[in-house]
Amino acid sequence: MKLVFFTLSRLAQLLPVLLGITFVAFFLLRVMPGDPATLMLGSRGTPEDIAALTRQLGLDRPLSAQYLSFLSDIARGSFGRSIAYKAQIGPLIGERLWPTLALVGFSTVLAVAMTVPLAMLTAVRRGGVLDHLVKIFFVVAMSMPGFWLGVLLILLFAIVIPIFPVSGYGDDFLTRLHHLVLPATIIALGTAALTIRSLRSSIVAVLGADYIDTARAKGMPERIVLWHHVFRNSLTSTISVLAVHTSWVVGGTVVIETVFGIPGLGSLLVSSISARDYPMVQGLTLTFAVLVVSINLLADVAYALVDPRVSLS
Amino acid sequence: MRPLVSDATRLRFARNGNLQFGLAMLSLLVLASVAGSALVPFDPLDIDFGQALQPPGWPHLFGTDDLGRDVLARVVASASVDMKVVSICVLLPFLIGSTIGLVSGYFGGWIDLIIMRFVDVLWAFPFYVLVISIVGALGPGTGNIYLAFSMVVWISFARIVRGEVLLARRLEYTQAVSVLGYSHARIMLRHVLPNVITPAIVFMMADVVLTILGVTSLGFLGLGIQPPTPEWGVMIAEGRNFIQDGWWISLFPGLAIVFVGITFSLIGDGLDDFLRPKP
Amino acid sequence: MAKHESVSAIIAKCGLAGLLMSGSVCATASAATLRLGVAGDALTVDPIASSDNPSIWTELLIYDQLVRPSKDGTTLVPGIAESWTVAPDGKEFRFKLRADAKFSDGQPVTAADVSFSLKRAAGEKSEWGRFFRPITSYEIIDDHTIAMKLDKPFTPMLNNLAMFSASILPSKLVEAQGAAFFEHPIGSGPFVLKNWSRGQSQDFVKNAFYWEKGKPSIDGARIEIVPEDNSRVLKLKAGELDAIVGIPFNQADTLKSDPNINVTVATVFRVDMVQLNTTKKPFNDSRVRQALNYAVDKNALVKGVLRGNGTVANSAMPVMAYHNTDLKPYPLDLVKAKALLAEAGLPNGFKTTMLVAAGDVTQRQAATVIQADLKKIGVEVELQTIEGSSQFGTTKSGNYEMSLSYATSDTIDPDQSVGFLVVNPERANAYHTQWKNERLNELYAQERTTPDGELRSKMFKEIEVLAHDGAPFIFLYNPSSPYASRKNITGFKVMPTSNYDLTDVVIK
Amino acid sequence: MSQPIIKVDDLRVTFGHAPESVTVVDGVSFEIGEGEVFGLVGESGSGKSVTCRSLIQLFGGARPSSVTGRILFDGQDLAQLSPTDFVRIRGTRIAMIFQDPMTALNPTMRIGDQIQETLCRHDGLTTRQARLRAIDLLKAVGVTAPERRLDSYPHEFSGGMRQRVLIAIALACRPKLLIADEPTTALDVTVQDQILKLILRLRDETGMAVLFVTHDLGVVAQTCDRVGVMYAGRIMEMADTTQLFANPSHPYTRALLRALPAHGKRTGRLEPIGGAPPSLADPPKGCRFHPRCRDAVFDCTTVRPPLVTVAAGHTGACLRMEAVS
């Protein structure tokens, strides 16, 4: 019950941000030099064509009125029509949402699976050989462009040692998982490079906390101290660290989807930009931002679940 | 005569392996950017079908690409292109963001409220999504890349500097100088700024790593610097089609990006230790 | 229901096996489905609203036309019409439909469907109206016989009826459903579009009512959209695909050495060129356009980029019927190119931009070479990558200076290509170059009423000369089209009209 | 003094490595009898905490580079124990409570679980049994409505209540020695009083020994049977509490006592003595207190004063002990 209340109140706090997001997505295309109709039609579009499209897009009305109708369209679940696909944008985005979510989810799981044990180990044995190796590894990993690593991994694990598919997305859960292993690993590596350092230092802080001394003074063996006390308390920082990087993970899908031919929001964004499908680009930026906000909200709720101090205060 | 650098500073530098190593790598990078094309005996734009897809060896140390262009010459030529673009893409948001953060934190009140709400909103848009959308809408070209990065990345600097300003405002010295009746501009620039800028400078190094990835990603997607100008991201994209019989076309520009990333990670860590000595 | 479960069980097993071993396991499990990799997704399956190849190729799987090109592209053979007669004056065409022709919902194909579909194709909303408007009236003689009347002879008529835009649709369904029909289209072609994940794949099952007995021999086909050329090749090699089209030339040779793969180089009706926007300076000056043609080393392109799989183009026309083989291509002549530029008042060259399709290796390579070549006469070209599917729209809107492009013929008669590429005003206004030549327009009008033969051949040859001299394009080359399939696939073929035929495909 | 339960002999704890090593505890010896409350008093940084942490071998974030000396506990040399054996001693035979109850409880674990954890581990109780026992323990330390409060989280408790919980945890397995490292410093005065009384009452009930670390002489007077005064890593003077207050023999002790506003009345903290405590990285030669000692003579700067007996059960480390007293 408290959790529900907490979630609702966080949601209420997010409303202004969501409104701001629509505002930015709306004005993103309006502040660009040149008017959208001309951009869409090109310089040789006849004045009549431009006028017609301007009317059709409602661009002849004042900006505030355009924005309000944009908002009411969104409220009705409509993002307008795609120029390239000549179809409603909403369903097109809806179809592409799932592969992206799967990629984000899978890579987050992998990132957590890498971050938690490595951060733990390096925090406990700080200054050790492993600590240095992990640090070097992730400095390198952070500097590796995902698209480049993608190309190399495809060569290595889809051609030289063919254990993963070259590109694409499967039809059912398992084949999709199989298709997502390489792309998700690449995103996860990038994420872990960022998260492992911050988590390590927060684990170091937890390890120095008084209650860890209390636990040890109780005669708890090190194993239990680590898993019962350190782990759970550093979980909160894992969650907040991951939440901070959500936007990075979600953004990372854009390039990676293109490399691996995954039919998600990111590859749609890239092709829509090349196709100058501006309404689609607008709908997609909006969707991406809402996605980030939703994931952050989820992280908040998870945080509240793990840390009793949050939802109650 | 007073030495320019104090002994303590010199000692801090001598003990800072990260910074020394990073700066050594940086000088290599600068050398390649400035004098690189003079060191490689091939023109990065020379097409020679007869020499297409030569593996690394002599005289093409990094091999040649599908059009017979020397990969080493192209990787080196890219260094000046990419480093210039990256520098501007980092400096502009640094200047804009730090200024906004300074103003926001110093004045507080509704200015701060509005700016920080706006930062919160922009924060929700993934970096890549926003940059790609803006460059996509404006069209490729370096000017538009600078604009896109400036529009997106300033929020990081604004947040960092604002947070530091809020801390600094509580310190006595700013309160003291404000009693002396200096102008806001003078207090901000002479008294607050020097005390808050260090974390932004340290972050700037980390931002170089993110930016080199961003800029080359744009190139890879065909939205960045346009061919035939050699650019690491574009080269990787081109080499991708020859990954089996010309893996070197993609490999070397990628390694170059990793090199830049490691350089600035080391400098960032090193600067952090150097400028903010921990007890 | 039981069948449904077993299918999903098989898929699940494949997935598991796939996780453990490799993607190729799935191939043997669902052996009767061909997995074909193509570069781009269809935008629509409405035949009168399509001009992009992916849409056209998809439509040719779903719908039938009255007649169709033979597999070698030299003549027309029966389609849904089993026979036809043409009146001696060329003003009446009479078609007899196959008695057993049915749509995939089991309903028979009738003469009413034919007249509905062709009227629709000639209608206001059709992008291809000009191709069918010469038909002035229809006469439904019986359910399976229809006559079309023309006011004056129109030689390309029969060819046009073999085009995708003349696909026969079920009139009642289209009328009842409107635009919604094309979300679940019904045709009488060999396949039914079962499922379409945009940007990802199209799933086809065989049309159980297809008139050609025993065909298609496969149960279905899955067309996967793999935009990146290289990924497509790799997926074929890895066994994730059974066949692919659009192989980059540099890969064709490597693929040939793979013992599991058959590579075929198809001769297609295609020409590659650089569109020059003649409404923009300095491309409004024919001397500048000719200079560009002299400056590009087309032989090097054919050798280096096409790896010899093609010929240098002498004009904007594909190498097909009535081609002018005597016309010599522009030779490489930098001196002449510079002289022409100087004559046009541009001794130091100029700066311009060129659109290039994203993701296409060959186009990118060619663009880079052209860029380097033109630089030698002082023309600085900035490349702008653009999604292939929107390149057409962009050039159509005139928002370009140069655009590296190509054209394929959907028919075996050069009339379509001529109308599309060099006639202005016409559908594409000389392929968006806005170049105009009155004599050429006149010849175009004449060839359309001239019966096939020597006279018509002469006209086409003159058209090519006019186009060559006017140079609205930088003429590049007529490439062949390598395609490949795995060794266990037979009967997969790319037609001269560039679409692929799946009816004869057999999976061993 | 009754039978000693723990005997510390020449304990030396060093952090870091030469040439930058710091010896924080430098030759400390003392013993505590059964049922006795022994106080260690001194300014911050004098090595009290490290001394008592050495007994249980828990050093928080920083590990010492060397610990030498003998610690005989219940006839067993703790220095000889392996880390795993040491785990068995902690919580069962030696327990410890820490200075700041606000941070010493795990914030993400229910109070009950934190108590039960140790019971299940050491006494082999089932969860149900442990819960009943936890209720008893909470009752014993004066937590009202323990049944309900077992399911609360630490942040729902006040500081005093949390310290009671920590005491309950420490006492869960009836240890023979309780180490209390400034257990009341972070609490306000009235609560401080309750906690001290609670510890004394529990000592009376269980007969455990208590090592009580504080920097508050007032607390010492109220709580301890015997007391050792630490300065810069060494014990300066050790005596029965009454004896020490009545007859302090070391200049440092006297300085401490002078700093108390009203003698014998526990009101406040130690007021600083002139000068600052020495740096342990570079301690003064001879007596470590000599730079601040008003009675220092030349010998004090060169000779380390041995611990000598002043009276029965009263020792001190000062060269001028007789002269000054």
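By letter and in written order, the chains are A, B, C and D; residue numbering begins at 1 in each of them.
Everything below uses one rule, namely that a contact is a pair of C-beta atoms (placed from the backbone, for glycine too) under 8 Å apart; a residue touches a chain by one contact, two chains touch by 3 or more.
Everything quoted here is computed from the prediction, not taken from an experiment.
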| item | value |
| --- | --- |
| Topological distance between chain C and chain D, in contact steps | 2 |
| Chain pair showing more contacts of the two, A-B and A-D | A-B |
| Closest chain to the centre of mass proxy, which here is the mean CA position | A |
| Centre distance in Å when chain A and chain D are each reduced to the mean of their C-alpha atoms | 51 |
| Gap in Å, rounded to a whole number, between the CA centres of chain B and chain A | 22 |
| Mean-CA-position distance for chain C and chain A (Å) | 39 |
| Junction residues of chain A, two or more chains touched | 154, 159, 274 |
| Chain C, residues touching no fewer than two other chains | 228, 234, 358, 385 |
| Two or more partner chains touched - positions in chain B | 222-223, 240, 243-244 |
| Pairs of chains in contact (touch as defined earlier), listed by label | A-B, A-C, A-D, B-C |
| Chain C residues within the chain B interface of the complex | 228-230, 234, 248, 250-251, 254, 300, 303-304, 358, 361, 364-365, 367-369, 371-372, 382-385 |
| Contact footprint of chain C on chain B as seen in their complex | 45, 47, 49, 52-53, 66-67, 139-140, 222-223, 226-228, 238, 240-245 |
| List of chain A residues in touch with chain B within their complex | 16-17, 20-21, 23-24, 28-29, 32-33, 39, 139-140, 142-149, 151-152, 154-155, 159, 247-248, 250-252, 254-255, 258, 269-270, 273-274, 278, 281, 284-285, 288-290, 292-293, 296 |
| Touch list for chain C against partner chain A, complex | 8, 11-12, 14-16, 18-19, 21-23, 26, 43-44, 49, 197-200, 224-228, 231, 234-235, 237-238, 240, 279, 358, 385-387, 389-390, 394, 397-400 |
| Contact set on chain A toward chain C in their complex | 41-45, 84-86, 92, 95-96, 154, 158-159, 162-163, 165-175, 177-178, 261, 263, 267-268, 271, 274-277 |
